[in-house]
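First chain A sits with chain B, and in the next complex the same chain sits with chain C.
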Partner chain A sequence: MTLQATDTLLNISNLSISFKSDDGWIRAVQDVNLQMAPGETVGLVGESGCGKSVTSLAIMGLLPRTARVEGEISLQGRNLTTLTDKELRRVRGNDVSMIFQEPMTSLNPILRIGDQIAEPLRMHAHLTSRQMSERVKELLAQVGIPNPARVMQEYPHQLSGGMRQRVMIAMAMACKPKLLIADEPTTALDVTVQAQILDLLRKLQEESGMSLLLITHDLGVVAEMCSRVTVMYAGKVVEECPVDDLYYEPEHPYTQGLLGSLPDLDKRERLRPIPGQVPPLWAMPPGCRFAPRCSRAMDICHSTEPQLLDVEPNHRVSCWLHQKGGTVS
Partner chain B sequence: MTEALLRVSNLKKYFPIKRGVLRRTVGHVRAVDDVSFEVFPGETLGIVGESGCGKSTTGRTLLRLLEPTSGEVWFKDKNLSQLNKSEMRAMRQHLQIVFQDPYSSLNPRYKVGTILSRPMEVHGLYTPKQRIQRVEMMLERCGLNPSAKDRYPHQFSGGQRQRIGIARALTLNPSVLVLDEPVSALDVSVQSQIINLLEDLQEEFKLTYLFIAHDLSVVHHISDRVAVMYLGQLAELATSDALFSDPLHPYTQALLSAIPHPDPRAKRERILLSGDLPSPANPPTGCPFHTRCAHAMDICRKQKPVWREERPGHFVACHLYGSAVEGGIPR
Partner chain C sequence: MSQLPLQPANSAAVAAGPRPRTRSQRLWKLMRSYPSMFIGGFIVLVMIVVAVFAPVLAPHDPLHQFDNGLNQMGMPLGPSHQFLLGTDPEGRDVLSRVIFGARVSLEVGVFAALISLVIGVVLGVVSGYFGGWVDMVIMRFTDIILAFPFLLFVIALVAILQPSVANVYIAIGVLGWAQMARIIRGQVLQVKEFEYVQAARAIGARAGFIIFKEILPNVLAPVIVFTTLNVGTNILIESSLSFLGIGVQPPHPSWGNMLQEGMTVMQLAPWMIYVPGLSLLLAVLGFNLLGDGLRDWLDPRVGK
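So, the complex of A and B:
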C-alpha cells in the first residue's frame, strides 16, 4: 500500500542497525522500510537471526547502547530516533507497547501480578490506589483471566504459560497504545493456547483500533492475523505484499522456498527444502544475500545487491529477476 | 499382519512430589498413566500432545532411561522390563534416542569424531579403524563433510548439530530410533532438510521411528500412524490420514482445528478450548479431558473411558463411542 502521509501511523525508512564487535561494526539490519496504517495488522516474518526483534527494539528505543541506529522511525510524523530518553519513555507508555519474545524473562519473578501491571499505569496515569486496583482488575478481565482479584495476588511462576502471556498483553494494553508490537507472542505456547491468544489479540484490536505489528516465523499465524506482510532475510527486506499474495503469488525465491519447505496438511509429498543455511552476519555475500542458496541466481546476483522495488501496486520485491540488469532465464 | 517390533503395555511413570525438610512424598505427577501401544517394523509412529502431557517421559521410560513405575515394554521377544542393568545396556544398541536440543546433547569438549565413536567403543563394536570409517560414513550419510569429525560441536549450526546427533545414534546400527522433538529447535527451511534426511535414512537402514513432536503438520507429514496424548494418557491412535481427516476424540478435534494454515483463504472452524491444562499431579477424575470438553456428560466426570478400537486400527478413549451413548458421535 502506498500510504498517504496522513494515514501513516508508523513509517520506518532506511533503518540500519549495527552492533560493535571485536572486528568493528557488524550490521544486523540494513535499509529496512516499513509503513503501517492505523488499525492495521502487519506481519514481520523471517528465520532466526534475520533481524525481527532488533527492528522492533529499535522502534521501542530499547536497543543497547552498543547499537548504532541509522535511518528514520517516525510515529505519527514524529521522528523517534532523535528523542531523548525521557521523551522515549513517554512514547513507550502512551503510544507504543511491546510484548516480548520470552514471557518468563520479561515478567519480574518477585513481583505480584497486580503490581507488575500497575507499574506502567503509575508512570502515565494519575490514579488513587483504589482506582489503580480497579483498573488492574479490569485489564486482567479484559484479557480473559478468570478471577482477576486472585490472580493479582499471585506471582508469575504460579501461572501457566498461556496465563503469563495474557498478563503480558494486559500490561501492554494498560495505556491504550496506538501501536502494539508483539514479538513471537505465541511461539512458546501450544497450538490450542496459541489459538486463544490470537483470538484475544484480534478482539482487543477490534475494540481499541490499535495497529498490530506481529513478529513471527509462522506463516500460518501471519495468514490468520495479518493483512500485509514483510519478509526479511539476513537483515534485509526481501518481499512486502498482502498476505493473499504471499501464499498465492510469492515472487522472491526465498519466500517461494519458505512456502515450499512447509509440510502440507492436505497432501503428503516430499518436502522441498531450501539448501544450505543463512550466512552469518560477518560473512554476508557481496551481492544478493540469498544468492548462495538460490537456484535461480545469475551472475549479477553474486556481485550487486538488488533493490526493493514495486512489481505490482502493493507488492515489492528485492530480486534481480524482477528488475533491470537481471536476465530472466 | 506383521508382528509388532515394540509392544508397550500399561506403561506408567509417576514422579514423586517431595515437600518439606524431610523431603516427604506428598503426591505424584502422573507423567505417563497407563499407556499401551504397538510399533511395527519400518513404520513411523508419531506422538503428539501439548507441553507436559508426557511425550518425552514415554520415550525415555520405554528405553528405560527412566525406570517405569509399572507396565511392560517388549522388544521383539524380549521383555525389557525384566532385563538387568547390563543386559539393558547391551540392548540399547538396538534402541537409540535423538534429543530435541542439538546444543546441549553434544558434549562441547570433545571433537565430533570422538562423540560419534564413543558409543561403538562402549558396546565393544568394530576395530578402531572400522570405527573411524563408520564415523565418516555416517557423517556423510547425514549430509555432513567427513572432515567434520575433527571439529567441535560449537563450530556447527543448529541444523548441522542435529545431523551430528542423528549420525551418532546410527553408528550402532539400531533398529528403533526414538526422536524426541528432533526438528523443533530449527528454522523451517532447515527443518525440512532434516525431515527429508530422516525419511531417507529410514529407508536405507530399515529403521523404525517413534517420532515425538508438538508440531502437528510435521507429525502428519512424517508419520504412518499417530498417537495423541493428553495428561499422561492416550486419547486417540490411528493412521495419520485417518486421524487428520476424521478425528474421533473431542480433544484431537480441538487440537487439529487450532493449527494455523498458511493459506489465508482456508476455511477454519476453530474449536476454542476453555480453561487451562489441568496439572498432571492432580488430574481430573474420569476422563482427563472432561474439564475442557464441550461434549462432557455425567459419566465423563465419574468413569474413565476405556481404550477401544472404534474402527479397524482406529483407537479412542471417549464415552461418546461404544455403548455409553447411542449414536452420539459429534461432528
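So, the complex of A and C:
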C-alpha cells in the first residue's frame, strides 16, 4: 500500500450532478472536489439548496435514477460511481453510513429499536441472534443510552428526539463504517442536546478512527468539530480551508458574509445578512454565481467564472479578488 | 407481523382524567370511545359463530322438506314451536336455512375480500413503489376495471365460470381489487418519502426488504379498514347474484335466493322476506360499523 492510498479515504473529483427536468438537464452540483483522510472531520457548509445534501447522497449512491452523476467518487481507491446496485448495497451501511437531519422520522415507527439497529448487522455481518442482540446492546451503551436492554424493546415514539438521534447513530455505527456522513445531525435538536450529540460523535470518532463528513449550515458546529471546511454556494465549491482560516481569514466574500451574519456577543453590532437569494438552478448567472449578491463584485465577476485556486497552502478560493485578471473597479 | 402496533396514539387514554389502571378498565374506556367498533365487532362475531356452528345451531336440516311443513292448502307455515321462523313453500325450515345461509355469505364475503386484498396490495405497492411506466400501466388498468359496471362484470364472469360458491367469490375478488390498489398506491407514495425509508436504503437494504419491512407495515391501517368494509359490500353482491339466480343454486340456501323464493309468496308469508332480509341488513351493518370504527381507532386524525 502506498502512502497515497492510506492518506486519502474519500476522494471526490470533478463531481457534477444533474437532474432531468422538463426543460432539460439542470445541474445541481458542479465540479466539486473533496478529499478526506482517515480519521479526519470535514465540514461541508452552505445555505439550503447549495448542493451539500445532493453531494452526500451521491456518495451513498442514493440519488434517484433521474440524476446524472459525472466525475469520480472513490472510497479507498474504489470508484463508487461505477459499482452495480448490488455492490453499492454492500458499501452502504458497511463502509459508509449516514445519519439524517430529522430523528423524528428517520426511524420506522413500527419496529422495535433493537430490531432497527440489528438491520444493518443482518445485512452485512453474519452473527447468531445472541451475538446480534449482544452487539445491539453494546452499540446502545456506546451511544450513551441508559438501560439498553429495556430501550431495545421500545418503539421510536417512546423516545425523545435526542435519544432517537442516538439510536440513528448506533445504527450507523453498527458495522464500524470508515466514513460517517452526518447530514445536519443536530439541526432538529435542542441546543443542550445538540452539544451532547456532537460530543458523542467526537467520542465515537476517536474510538473508531472513522472519518466524519459533517454537513451543516451551522458555523458554530463546524468550529467545534471540524479540521477542514469546504464552503459551497449554488452547487460549486467557493472556498476550502483549514477551520481556523475560515474564522480568521475568510477569503471569499460569501464566506465572509456567512460569518458576518453570525451574532457576536463581544461586538454589539447589527447583524449583516447577505442580501438577495441563491439564484435558482435554471437561471445561474454566467460569471461567478455569487456575483449578483456580492458587494465587491467587479465587471469580470459578471461575465467569467473564477477558478478554484490556492491562495495559500491548503487554502483554496474561487474568487476573482484573488486571481489574475480581477481588477478592482 | 407479531409486533404490529395496533395501539395508536389516541387509543385508550384519549379522554382526560387518570390513566385507567386495569385491563378491563382500559377496555371499557376503549369501548366508550369507539362504540361502533364494538357494536359492529359484536355483530360480526355473532355471525361468525352462527356460520361456524351452523350444523349444531340449526334445529333442522336446511334441505329437508317436511311433510308437515305446509298447510292443507300447500302454503308455507308461519312461526310455530317446531318451525321458529316458519317454513318456505317447499316445506323447509326458514330458521335453519338462514343459519346455513350465513355460511355462504361469510365465505363469499371474506374470501372475495382476501382475493381483492392480495391483488390490490401487490399491484398498489408495485405501482406506488416503482412508479414510472409501471405505475402508469397499472393505474390505467385500474381505471378500466373501475369504469365497468361492477355487478354486470361479475355476472358475466360468473356466467363464464359456472355458478358456484367458489366461483362467485373468485369473480367478486378478482374484479374488486381496483379501489384497494388505488388506496395502497396513494399510501405507498406517501410513506416511501419518509426518511426512515431513505435511512433503510442508506444501510444497504434491498427493495424487497424496504417494501416488506418499512413500507407495507406502515400502510396496514387503511388495508385493514378497507378489507373490513369490503366484506360487507361483497356479502351484498353475493346476495344480489343469488337473487338473480347466478349465485348459490337452489336447493342450497343463501340469503339472496331465499329472498327470491320469498318474493312469490310475499303477501302470504312475509317472514320469508323479513328473515333473510334482516339478516343481510344486520351482517352488512355489522361489517360497516366495524370498518368505520377501526378507521377511527387506527387513524389518529379522524379520532376524537
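Just so we're on the same page, the second predicted complex is superposed on the first by the 321 of 329 C-alpha atoms of A that agree within 3 Å, B and C clash if a C-alpha of one lies under 4 Å from a C-alpha of the other, contacts with A are read in each partner's own complex, and residues count from 1 in each chain.
Rule of thumb we're sticking to: contacts are C-beta pairs under 8 Å (C-beta built on N, C-alpha and C of every residue); 3 or more make two chains touch, one makes a residue touch a chain.
Fair warning: this is a prediction, and the values are worked out from it, not measured in the lab.
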item: Which superposed partner A:234 touches (first chain B, second chain C, both, neither); value: neither
item: Touching partner for A:32 - first (chain B), second (chain C), both, neither; value: neither
item: Partner chain(s) touched by A:262 [first = chain B, second = chain C, both, neither]; value: first
item: Which of chain B and chain C A:97 touches, first, second, both or neither; value: second
item: Partner chain(s) touched by A:214 [first = chain B, second = chain C, both, neither]; value: neither
item: Which of chain B and chain C A:119 touches, first, second, both or neither; value: second
item: Greater chain A contact set [chain C / chain B]; value: B
item: First (chain B), second (chain C), both or neither touched by A:243; value: first
item: Partner chain in contact with A:199 - chain B first, chain C second, else both or neither; value: first
item: Common ground on chain A, meaning residues reached by chain C in one complex and by chain B in the other; value: none
item: Residues of chain A that touch chain C when the two form their complex; value: 60, 62, 88-94, 97-98, 100-102, 105-112, 115, 119-120, 123-124, 155, 157, 168, 171-172, 174
item: Chain A-touching residues of chain B, taken from the complex the two chains share; value: 50-51, 157, 159-160, 187-193, 195-196, 199, 214, 216-218, 220-222, 240, 244, 254-255, 257-266, 268, 270, 272-273, 276-277
item: Residues of chain A that touch chain B when the two form their complex; value: 47-48, 160-163, 190-196, 198-199, 217-224, 243-244, 246-247, 257-259, 261-265, 268, 270-275, 277-278
item: Touch list for chain C against partner chain A, complex; value: 3-5, 9, 194-196, 198-206, 209, 213-214, 217-218
